[in-house]
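Below is one structure. I have some questions about it.
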Amino acid sequence: MAYHITPIGIPPDSRRLFEENYALSTQGSDRLFLMAGDQKVEHMNDDFVGDNVSSDDADPENLFRIASEAPVGCFATQLGLIHRYGMDYKDIPYLVKINSKTHLVGSEQRDPLSRQWQSIEQVADFIRYSHLQVVGVGYTIYPGSEYEPAMFTEASRLIYDAHQRGLLAVVWAYPRGKGVGDREQDAHIIAGAAGLGACLGADFVKVNPPINARGETDARLLGEAVNAAGRTGVICAGGNETTSKAFLQRVYDQIHDGGTAGCATGRNVHQRPRQEAIRLCRALHAIVVDNKGVNEAVRLLG
Amino acid sequence: MAYHITPIGIPPDSRRLFEENYALSTQGSDRLFLMAGDQKVEHMNDDFVGDNVSSDDADPENLFRIASEAPVGCFATQLGLIHRYGMDYKDIPYLVKINSKTHLVGSEQRDPLSRQWQSIEQVADFIRYSHLQVVGVGYTIYPGSEYEPAMFTEASRLIYDAHQRGLLAVVWAYPRGKGVGDREQDAHIIAGAAGLGACLGADFVKVNPPINARGETDARLLGEAVNAAGRTGVICAGGNETTSKAFLQRVYDQIHDGGTAGCATGRNVHQRPRQEAIRLCRALHAIVVDNKGVNEAVRLLG
Amino acid sequence: MAYHITPIGIPPDSRRLFEENYALSTQGSDRLFLMAGDQKVEHMNDDFVGDNVSSDDADPENLFRIASEAPVGCFATQLGLIHRYGMDYKDIPYLVKINSKTHLVGSEQRDPLSRQWQSIEQVADFIRYSHLQVVGVGYTIYPGSEYEPAMFTEASRLIYDAHQRGLLAVVWAYPRGKGVGDREQDAHIIAGAAGLGACLGADFVKVNPPINARGETDARLLGEAVNAAGRTGVICAGGNETTSKAFLQRVYDQIHDGGTAGCATGRNVHQRPRQEAIRLCRALHAIVVDNKGVNEAVRLLG
Amino acid sequence: MAYHITPIGIPPDSRRLFEENYALSTQGSDRLFLMAGDQKVEHMNDDFVGDNVSSDDADPENLFRIASEAPVGCFATQLGLIHRYGMDYKDIPYLVKINSKTHLVGSEQRDPLSRQWQSIEQVADFIRYSHLQVVGVGYTIYPGSEYEPAMFTEASRLIYDAHQRGLLAVVWAYPRGKGVGDREQDAHIIAGAAGLGACLGADFVKVNPPINARGETDARLLGEAVNAAGRTGVICAGGNETTSKAFLQRVYDQIHDGGTAGCATGRNVHQRPRQEAIRLCRALHAIVVDNKGVNEAVRLLG
Amino acid sequence: MAYHITPIGIPPDSRRLFEENYALSTQGSDRLFLMAGDQKVEHMNDDFVGDNVSSDDADPENLFRIASEAPVGCFATQLGLIHRYGMDYKDIPYLVKINSKTHLVGSEQRDPLSRQWQSIEQVADFIRYSHLQVVGVGYTIYPGSEYEPAMFTEASRLIYDAHQRGLLAVVWAYPRGKGVGDREQDAHIIAGAAGLGACLGADFVKVNPPINARGETDARLLGEAVNAAGRTGVICAGGNETTSKAFLQRVYDQIHDGGTAGCATGRNVHQRPRQEAIRLCRALHAIVVDNKGVNEAVRLLG
């Protein structure tokens, strides 16, 4: 597990705020329970309607309701949404997702590119005017895309600037593009992406669950990425939809077998009926933050 | 119907102006009657001459004459035109359309790209020198275009900056490009675009009327988009030319069956003889702003 | 004919200068006689040597000599040339042509793109140091080019900034590119380009002479463009080389049948022996500025 | 061997710092022993796991441990990593590698492009806040790539700015791209790249070992590059993995037969078990800095 | 021959410096003897080693030694080299070559693009700190390249800014690209390029020697270019390697038959043994600056 030490380049005036933001988002542990809510752009409306999706999820406010009532470390979404709902959800620790793209242009058509939406000055102004608890920023990179140089430059400068202002920086690192092909979930490639996140200066790097040669996920495959990221914490997406118990087991294994420093979950939470989603978050919190076992967590599902 | 709450990131010094601009453009309702007049670039001269177009429409001043005499919430056009006619039409609430492109380069040739024409500082200077009532800015995005990253970045920064200065922001969201293909009017894709507008921070998002699998429009198809946009109001374009009564029925249905927060109309209004166009605007105003029924509105057609 | 009204966004401090520049370049009329001298880049040396070209024209100073002795409204050329000859031709009203490209890369190879050479600050500094009469700036757009977004953005910002400083703005609007094909001189497309110039904020828009379905020019075809441009004056290029009298008749017809607000002429003037060129300018001035008939103008040819 | 003279454009206020940084990194000699640790991006995790790689190397901290205990002239890596580990390794002379790309997009797919990650202002701020010994910056160029103009511009400005602030500048110069083909290690092409580094203003230029027509490396082939670089010192990468003794002989030959001003080594050092890596660095230091022979150096391997 | 007049846009505070730089580089004549030393990037190491190249030329310092001992008007090379050697060669009048590219990417692969390396502010800082005699800047344009817009913009702004600071501006104008094809040396195309240089504001424009339909060079072919450039002086590259006497005759003819305002020479000088190179420069100086005949110049070859 990543042992957190405040990075050395943070200016003296910002160290206290950085450490407060770290403590707030990791909830006093060294692990991050990140609720990802950037899918309204990344997947447009695909994740919010459908046979297996609760009708609660059709309204974007559902994300805020869950994040407000559930013990998440931070809720990551675009600034525009926070701007529109934040006044009614002031207690949520927010992570501003700084870049996003739709999935309408597939990798087979053109290598992925996602660009910065707001400058860090705009984010800082937003914090000043809104008085919201914004703990940090998030940025997606696609290593292996022909456009990776543009994203690496934006990410590294953004992370630098965020740290200057005492904000955390989380990198979503998804190898993708013609140069990656079908190796998007290859454990070794994902480890490379995790190390890349560390070199960019990220505090946490979010990766997809690696699979082995037979196409199966196995939490132990995360070990290489966790090693490669060093002091940068690795958090893993939850993967496909599954039962709550199986999902909790998977997160538990990622942490204890894989060595991750928390989890990132989106659809697996918000597509459920809201109260069920909130209970699942409580169970995840038990595992990630309180270091409980799966059985103890399952009892919180009610 | 979207219930408006002033977004949280607007600076204290700009909140009053923002709320005034909101009240002015929604005319004391929570709905927007937007008169779209950006077609001189978007469609060049196609919309202003022709067998079914009144000769009044050949002169760009026609747009200003209608907007001045008719009770529109705001009149959206390029700054250059406002600059040239505004001194004679000081009572119009203007919305500056910030980006525009021609239709000469079709999507089959190259995915659409429309770039920002003026900086927000230039718009602010213009307001200061002209003393005109500029209530906000508009920007078109094409989700699914290979160039969506450039437009998302410009839109998000523009909207942020507009809000800082107390201006409204309206996003025209038109899915288009090789990655969209023939799904431009698919209800689910349009819902995604509407949600994207919310994530960008738009106060209102303008979409095209969705169609069902049989290619028919149906106001109820807008429901998904209205849900997806949450507190961002959805307004719908009027669709093809039709009789005044059928058009009023369509807008009524969009509002009452579809849940939209107003309407956007362009050609359907300005291509008619001017007095007829003005009467049609009065009827639209009755439905959109005064919440009247279709029959009552039809009586205003004279 | 366009009736000129000073645009509303010009700052109070710059209105007087703007109106002086307008009066100077239109010579007290509402029409502009623009002498175009940007061909040394646009056509390289093709227009300056050849069997039908006077040997006077081989030297760039020829353009300045003509513009100095002839009653032109403004002489449009690149800043570099003005920089080199202006000290000897201080009485010319100059229009700085801000962008130019060569014709070496044809449209069939790549859609046209012409980019801004100087910033408006550089132009303003130049005016301050040179004390020359620079009445405005010019910019070429190619609607229908795949690169139109870059040019529309530059043009709109440049025009805005020029107006802020009391300078006129003239747009050269030439539909061109794969999306335009052989419709470069189509009257309807040209009308669209003229309207586009108005939306960009131009004071005058220069278009090529439209042709009808049989490939013939007819001044009446300009009517649609003149209507579409509204208060922005349309000026037309002179077309192919012809006799002086036929050329004067053509310009007369453009103004009186087509409704243009002046003319733009380049090769038709400067390729003639210098004294003949000057006399032709006097004749053009009679028609454009003094509103004389063709016969009266012809007498000035001597 | 390059005889170092402080370049003339360094401002008087920065000369002392520049000379201190030069003395620190060359350890009082005129040669540079550069430990390259930028592979976590350049090669992702390929260099840090595998059959021939010590398990020490899986953790990025391994690089810092070696650089701290071994007598290297400078340790080159990305700012993000220095930010995360620097507080525990304050005695290392760091060189910030300013640009990096992954190897996922191969040259056959697209010519290489690597862009600047941090501005020099960000590096300067980092130095001020961290109090670390940052002796300079590094930048990779790919002469022969279709994107070389972007990299040459960034490199030249970065080097200029680094010198203004008293920092050294090292250029990694790797000819690559469709225009280079299989000539990446051609001695003449590499000499051109070395000269290019000098023209960009680099203090040292790192090249790959040239090979002759038979595909063999030969230290004497470096002579052309050393001549071409003039007063800019050439340092050579170590080449393929080999035994420690053979490696030391190769570096010795590069210096004494090829005339290089030091060496750059990465994988050849850090993939060995840590104590072995440190001993190898001591042996390299003996050759590069203390000007010892191979046999004397070999004794330090223990 | 171009008669020099200080351009009008130069600020009063900079006129004296501009005139001093002009006098220094033209050595009291109106002609420029430019020693081109930018080939270490443009041709990499091709010009500095080889059977017909003196071994003196392998070291970049050779260029400085020649320029220091020979009576050249200015020595053009990249700032990085001047930075490294200038302290030992303070008497040379330097021209900073601002952009350069390699020849590894041929025109058949991709149209040429060469971008600006330093900003004019960086050049100005360099002058202030180095106290060197930098008389001006140079920039290469490739008219006919698909990338000409980027280069025209950079060149025009750079030239403007250089003049603001009292520096001369020399444009290397080489028609090249798919749109030019085999017409790179066509006299008419070269004349267009020369005129283009004048429109960009250049004080001198360097062109390649034109050839006639039979592929032969003839100094008289330069006449069209000299006319087209007007008050901007044309200087011509020396062409292929030849005997010293033939070379002197060629330069003499360019000046007296072609009307050029000097010469630009690179390889023809520096590839010779150094003392021979210096003597050749003295002979060139006799022709270019002292207006001597060929026989008198030949005597200086010793």
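Each chain carries a letter (A, B, C, D and E) given by its place in the written order, and its residues are counted from 1.
Everything below uses one rule, namely that contacts are C-beta pairs under 8 Å (C-beta built on N, C-alpha and C of every residue); 3 or more make two chains touch, one makes a residue touch a chain.
These numbers come from a predicted model, not from an experiment.
Visitor: Is it true that over half of the residue numbers where subunit A touches subunit D are used by both copies, so same, or is it different?
Guide: Homomeric contact, different residues on each side for the most part.
Visitor: Measuring from the mean C-alpha position of subunit D to the mean C-alpha position of subunit E, what distance in angstrom results?
Guide: Computed value for the inter-centroid distance: 35 Å.
Visitor: I'd like the Å distance between the centres of subunit A and subunit E, where a centre is the mean of that chain's Cα atoms.
Guide: 56
Visitor: If I count partner chains per residue in subunit E, which residues reach a count of at least 2?
Guide: Subunit E, residues with two or more chain partners: not present.
Visitor: Treating touching as the only link between chains, describe the layout with one word: line, ring, star, complete or other.
Guide: ring
Visitor: Round the ring, starting at subunit A and heading to subunit B first, what is the chain order?
Guide: A, B, C, E, D
Visitor: Residue numbers of subunit C touching subunit B in their complex, please.
Guide: 5, 7-12, 143-146, 148-150, 152-153, 156-157, 159-161, 163-164, 175, 177-180, 188-189, 191-193, 195-196, 198-202, 224, 227-232
Visitor: Under the stated contact criterion, what part of subunit D meets subunit A in this complex?
Guide: 40-41, 44-46, 48-49, 58-61, 77-88, 100-102, 104-106, 109-110, 113-119, 122, 125-126, 129-130, 132
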